[in-house]
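Multiple structures follow.
Next come two complexes, and both contain chain A; in the first it sits with chain B, in the second with chain C.
== the complex of A and B ==
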């Protein structure tokens, strides 16, 4: 763990060397999700609601998912860029070191400029939370925090899976974007608006439903029975990372260097 | 002119080589398309009052957007040109016996065209075969289709001339990232990539119509669906030509200006 923070501080110092560029990029990062959010806002202005969900309910969902995603992108960037390590053969060096591969790959990259996105999602979250006509209780706040944490675990798991694929394919695969960026894009709306098969896939295979739909039912008082079950669903999302790590270890064992 | 055409041809063939990447991209774009259609479907389900555009038209719009993504996305950038500018190798480009503007213009157009060629046919063919309601619809009429093709290609040139201005600005800023991210985000928003322009509120539509970005995406797509009738489409094509002239001219002038002040620092 100490090693991890060491990596982090070194990379932060390195990125801070280009201070102006750093702030400009962070600022730029703020704009992209903002324009998407503006799109959502205008659609609600036109239509009023989406299958019974109103704007602030969806905004809450949007905020949670984007917050989880930006935090993940900041810290798990090493896995996102993992194909570079495999292609260049630098992964061999990592294997030689007496530390776990997981920590080292995790520490190989940080993308601190994502702070712009994080800021934007926090703003959306607070705006939505204060405008919703529900009573906030301690349990609801805990559930909300759990949702974000669970989201981070799910996205991390997907990034690890995508990186593991590189052991077999050598190159990075754009298809993996369906589950990372596509998953984020999709989970910005409550899953119940989609067709059944898609909602099921993203609840039982990749547990996005445990982050955005099921706990939201509890927070928004839409669940009328077994409330605590709904509240605890984010924990399922956290469990998702276990099989991902197992697959990662299998991948590492199977690794053959490119030799370059 | 012959030199530019051969640059164009080389780049075009070169771009066609990346077939595996294109197929991976196609899978992603199908997912994207279906997802967005589902969102709009859910919105339309209990919509009240009159809507500015029908669901069928939105669906065709979304599929065209996915099929021609490489044509219309401002955020696709050519790292080769960025590296040339930031590394100082730009000096070699100056030695060429043809204008940089024309050279890059041909190169960028060819790259986008070859990228789109690989992707658009499979996406459109499969989209036509999809079950309702995800099915792509035929163009509104033969004239609409013809006008769509013309405006699509003019739109591509407008877009490339905008991106040329972004590259030229890099001579001054030297930073490929921050300012580019902001510029492309705004550009994509006003070209109707995030939501179709008819969904925007009136005041925002006015801004969008004033800017050239929508000429590359929103306008040709709505011509295809018949949302923009042929006589207005002709007006639109005229606007495209004017913008193209203005953008290319200002690009050439700006290029001359920065060329004079370029300092190549050895290396």
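== the complex of A and C ==
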């Protein structure tokens, strides 16, 4: 863990070498998702609600997912850009150092400019939370935090899976974006608005349901029984990372026997 | 017991065959054909502690496959490799702690930050105790003359400066074996000599084993007391440079400057066995002589009868040519 922060500080230093570009990018990141959010706003202005979800309920969901995604993009960028490491041969260097591949890939990149996006999603989250007519309790706040954490784990898992794909092929990595960016776009809305099979896929295979729809039911008092079960669903999202790490190790093993 | 023990190493790669044309490309999306490339075929050798071994061979001969296997990156198909009692790919983390690797073409430093920051991160990665770290750093800074460049970001360094920093980076953790992959590529003469000098020094003083791959034969001549020649995945020659010379070529080039008197000298020396005239002018004669010294003495004595010899210089065959001849001989 200490090493992780060392990596972070050296890359922050590096990024600060290009200070102007850093501020410009962060600023841009602040406004880019704002336009997406504006789209959501106008949609609801026109239609009032979608399948019983009103604007602020969806905005809460939007805020949680975007917060998780921007944090993941900031800290797990190394896996997002992993194909570069393989192409340039720098992954060999990682294998030459006496630390786990996971921490080294994690430490190979940080994208601090995502701070802008994070700020924006926090704003949306706070706005939504204060405008919803719900009584906030300690458990609800914990659940909300768990949702963000769980979201980070799920996105991290997806990034790792996408990176693992690089051990088999460098081309066609765009496919993985269906699950990273596509998954994010989907998960910005409560899953119950989608067709059943889509909702199922994103609950049981990639457990986005565990970070938006199910715990939201609890927070918004829409669940009428087994409340605590709903509350604990974000933990399932965290478990998602375990098989991802196993698959990663298989990928590394393959790399070391093929050398490409 | 030798420090590095390799026996019967095999490695085959599958390489996807690409064919030209859109139709073929579309086809290859679904069913790919693979070519098998045998990168290593029964490679065996041993290296003792403190040796400097030049590992040479043409491109694609299997050099980097061997290096990658020895450094634990790559798992071979078959065969044994024991380095300091460990199997590199089975105990990767313990193994890489005691080796250093420099790739001449790639950097191991962080590009945008001062060199010293990279070193400090390496200290944390390798968990080098603070005392060892500062001792090693001081020593490396003074022997490689890094004091003026250590606070400069890597991207602003010249290639020669960067290579010195790379060498220091790979030695911070006191490795027992140093793998150098073309350490002098693209360097000017001064930097080359400095790098070679340094490699000799650490080999002598810290008894670090050095495995050096290079295409620059003067590196080999200056450093290696032993060479390993690999071609098409096999070890073709293992021994020292002088033996190689005497085994494959005893050719010497002789330059003779003389004050001529117009007398045609060609005839005088034609017919001495093993002597060929490369060029001949009014004051300079270049000969190629095979075999031992007797032919040479014969040439000089005959010449001195008719002209005043001003200067004689004798050169051994350049090692590049020798290696080229070797490659041809083995048809690699």
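Operating definition for what follows: the second predicted complex is superposed on the first by the 252 of 260 C-alpha atoms of A that agree within 3 Å, B and C clash if a C-alpha of one lies under 4 Å from a C-alpha of the other, contacts with A are read in each partner's own complex, and residues count from 1 in each chain.
Going forward, a residue touches a chain if its C-beta (ideal position, glycine included) is under 8 Å from a C-beta of that chain, and two chains touch if they have at least 3 such contacts.
All figures in this text were calculated on a predicted structure; none of them were measured in a lab.
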Look at A:193 in the shared chain and tell me whether it touches chain B only, chain C only, both, or neither; answer first, second, both or neither.
-> first
Superposition-derived comparison: chain B or chain C, residues of chain A touched | B
Looking at the overlay, does A:138 come into contact with chain B only (first), chain C only (second), both, or neither?
-> neither
Which holds for A:36: it touches chain B only (first), chain C only (second), both, or neither?
-> first
Now for A:175: first (chain B), second (chain C), both, or neither, which partner does it touch?
-> first
After lining up the shared chain so the two structures overlap, which partner does A:48 touch, if you call chain B first and chain C second: first, second, both or neither?
-> first
Using the superposition on chain A described above, determine whether A:2 touches chain B (first), chain C (second), both, or neither.
-> second
Scan A:97 for contacts with chain B and chain C and give back first, second, both or neither.
-> second
Chain A positions touched by chain B in one structure and by chain C in the second = none
Of chain B, residues touching chain A in the complex = 21, 24-25, 27-28, 31-32, 35, 38-39, 42-48, 51-52, 175, 177-182, 185-186, 188-189, 194-195, 199-201, 204
Mind listing the chain C positions that touch chain A in their complex?
-> 13-14, 65, 68, 71-75, 89, 92-94, 96-97, 99, 101, 103, 106, 108, 110-113, 117-118, 120-121, 124-127, 153
Residue positions on chain A within touch of chain B in the complex are 20-21, 23-25, 27-29, 31-32, 34-36, 38-39, 42-43, 45-52, 173-175, 177-178, 182, 185-186, 189, 193-195, 198
Please name which positions on chain A make contact with chain C in the complex.
-> 2-3, 6-7, 10-11, 13-15, 17, 88-90, 92-93, 95-100, 256-260
